[in-house]
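Presented below are the structures under discussion, each in the form of structure tokens.
Two complexes, one shared chain (subunit A), two partners (subunit B, subunit C).
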Partner chain A sequence: MSDDGKKTELQYARDTIASMLASIREGVIITDGTGTILAANPVTELLTGILPTELIGKGIEEMMTFACDNDDVSDFFEESLRGWRALELPKNCSITPKGGKARIPVAANATPLFNPEGAYTGVVFVLRDLTEEVNARNRQYQFLSFVSHQLRAPIASLRLGLEMLLDKKERLVPETHEILRDLYDITTRFSGLIKELLNITRLAEGRVEFRQDSIDVRDLGPFLTQEFERLATSNNITFSSFADSETPLMMVGDKERMLDVLRNLVANAIFYNKPRGEVVIRGRLTHSKEVETIAARTGAGLQIGEYLRHFSSTEKEKNMILIEVADTGLGIPASDQPRIFESFFRARNVVKRGIHGTGLGLSIVKSIVEHLNGRIMFESKEDKGTTFYIIFPSIT
Partner chain B sequence: MASPHLLLVEDDKFISRAYKDGLEREGFDVDTAFDGVEAMEKIRASSPNLVLLDLILPEKDGFAVLEEVRMDESLKHVPIIILSNLGQESDIEKGRSLGALDYLIKADVSMKDVIEKVKFHLAKERVGH
Partner chain C sequence: MKKILFIEDDPIILKVFQSRLAEEHLDIIVAIDSDEGLRKAKTEHPDLIVLDIFMGEKSGLDTFAALRAEEKSGARIPVIILSTDDREETRKKAEELGIEDYFVKGLVSLREIVARIQEILA
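Take a look at the complex of A and B:
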């Protein structure tokens, strides 16, 4: 009788868990240590196109594949099944269900399981359908894009009208001319904001095309010097770019987008600087070991570790290009640092000083760098300065 | 030498007047059209030295005008600069592939920029590219 009593308790526990797994919106798959599927809940059929009963007993790697926009995740299952740590798929990944249905954007976590003795017994995979989130986000960007385009027409009219008035300088009292000048500058800023908003929406929607040319990063130097020399001087800042880079820094990328990246960083470095300050761009070859050291120092250790792992399978030490954009400016307060790459986010100290900005530059920079298969890190101290580190795989 | 004859195709009356004023003060002779159909009529009738063309137009849009001009042997030599607020790379690509010489975004350029571009492209035309 006691045996039956125990069975009922166990049965009850299993039934409760089965009900839970059947009613949640995530797909849950449990495998043993080699990846053989032991259990799968009903939602997994929606994501994989395969019935749970047909999944059981098969190897998880043969049953599903993830594909990601900016990362190589072909070793996701292999890594998870080692049982060393919990893993998460990066952003912008998807799964293609069998049976010809469209790709589904997903998030996935893998957590190792241990028996009461502490031995590794398998992995539980949790998959989440991100379609609704992606749609909501896309609607946001579509709206932003629509509004930005609509705003352009009145801006164009304002600018033209103001330009006409400013042209009549001889007939205006100096004060009036000054006010009109200020208004004109405001519309220029407005126009710039709209341009950046549209840029962001385009990047977010993947509508920007990135070329894949071999470029020498040092070639960007002269363009930047030409663009920023005057601005730097008028702000009493010394500016130098790639002054000491003597060896070629070859990477696969898009020259215009790389210029966008550096332009944004240099503009920030100049505007968020102090009188008699300095802005220096340096570029040199390095290797993954040094990159890891910088990452550890800047708090990006985990992210960069994952990034570098994808190169180290073929070479022991991967050659990388390291670009530094360093300034002796206002720096980013420690409490604001975690959010600095967020769209529209502006650090407290620059907002307080009334320095104008859209808060979009760094999110654009990060987006482009990652699209070009690179990564960006930074270290900063309030009132001392900031250094951004951008790394790309080197092709020399 | 006769002053260059420009055709400005722009449906917004205020913007049209502003560009016309600015260009006339630079010594150009400027005619205006407010929609795509009128634009085609005037291009055919007066063979302008250069056309400034907006893309969003009533009756017939700027892309359609570009196509029609390109298809017509007697008109395809007419230089056209796009002056629009549409600014996506796909629009710019489309405009250039339909034969536009340049693409200016109204909200971003000043009257001086427009005048400079007009002078630049007129000079190029005279030299024969």
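Take a look at the complex of A and C:
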């Protein structure tokens, strides 16, 4: 092939890449190893408010004004420009285009580039506008919230009315009383479902206030004992809550929300247990090494590794709080385990036994734990039981 | 006979309480909207008000604030909120205006409400 032929081929390859970049709906920015922008496609203008031609030669970090509600954005750039590995921008981030006021919710990825010799040469950043997705999700939550509110009033009337009728037991024939009792139980469950639906929509929309108090996790014990002792006893289950936690377990958090977390887990542990079973809440201080070990054992290694990465080495040496909620119950079938934190998901074995539930509890639990800067893991064996592990940064 | 003013637009809830509280020898006055509620709070001198704050267009909290604004200090009528609104911010606002208790409809039993009413009126 002649020199001219080669040029044409190279030109053709270049043009093809340029057309590909121009026609995809994601914003693509290529930088060199130090973060200087080498190329950008037209979509980047919609996200950054800057013409692609003007982006070239500038530092990527100064051109991208991300705002994230849960993590440090500069981490994303620093890490990506080290060229060690592919990275994702944390969830719930947005970008503000230059000269624009509205923030655009975005997802972003960074993938390192290497030359044929294997040396790191730069990074490809891909930005995706999530506005449509976020709007669709919000519409879904608004609808769910509206329906839940509309249902709450009639269900409340039904429940109070049924309770009044049930109180007149002596005037009812036994069959009538029994039917009313069943109806009352149904409305009670329904009220619980509405409460959880509203909780989950509020959490998802970020409308739940989280207090930032210093709390000792052990102080939650007496509340839980008071609430669950009777239920546990009537189900023939022994329940203990932070019985041998001697050291203070101080964290920054919201006592009410923490109670929501533990209430959900304890209720599950009792309902999905066996007669003469046991439910134990333990709390103690631990360190990141043990957390990693638990994570590896429970298959949450990657997720927890990513989580621990955000702590400085001094923070890692400091204590973390580990809360365990363990039961000796029905356990979760292995095939269902990956899905248990999904909304409305319920494990097959509990559905088969006719145990009522909404499938929302664990999804709420996970959301709250992560809002409080913690993580949740679990291990479970069918017919043996389940243990949930929750970790939080400690301020002890 | 002690008097309780129910500011509530749900006919079933009203019937339930009228029947149940009659057994406790309590007199029930009903107002089915905020304006009527405000008027009756002044003219009927109730010993307790049970207020729903999620009625129709007008916010029950505004009604409540108006009621408190007109009261002489030291002559505050005890108020219990019974509402479908379970938001923390609503509860906080109500607490700032001074309430005896806040119950969420659907999550509270008749027995609990009646017990609390008796306690307040004792």
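To be clear about the criterion, the second predicted complex is superposed on the first by the 386 of 396 C-alpha atoms of A that agree within 3 Å, B and C clash if a C-alpha of one lies under 4 Å from a C-alpha of the other, contacts with A are read in each partner's own complex, and residues count from 1 in each chain.
Heads up, the rule we're going with is that a residue touches a chain if its C-beta (ideal position, glycine included) is under 8 Å from a C-beta of that chain, and two chains touch if they have at least 3 such contacts.
Since we're looking at a predicted model, the values are computed, not measured.
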| item | value |
| --- | --- |
| Combined model on subunit A where subunit B meets subunit C, clash or fit | clash |
| Touching partner for A:S157 - first (subunit B), second (subunit C), both, neither | both |
| Which of subunit B and subunit C A:I194 touches, first, second, both or neither | both |
| First, second, both or neither for A:L172, with subunit B first and subunit C second | neither |
| Partner chain(s) touched by A:V73 [first = subunit B, second = subunit C, both, neither] | neither |
| Subunit C-contacting residues of subunit A that also contact subunit B | 149, 152-153, 155-157, 159-161, 163-164, 191, 194-195, 198, 208-209 |
| Subunit A contact footprint on subunit C (complex, rising order) | 10, 12-13, 15-16, 19-20, 54, 84, 86, 88-89, 105-107, 109-111 |
| Subunit A residues within the subunit C interface of the complex | 149, 152-153, 155-161, 163-164, 167, 191, 194-195, 198, 208-209 |
| Complex interface listing, subunit A residues touching subunit B | 149, 152-153, 155-157, 159-161, 163-164, 191, 194-195, 198, 202, 207-209 |
| Residues of subunit B touching subunit A in the complex | 12, 14-15, 18-19, 21-22, 85-90, 105-108, 110-112 |
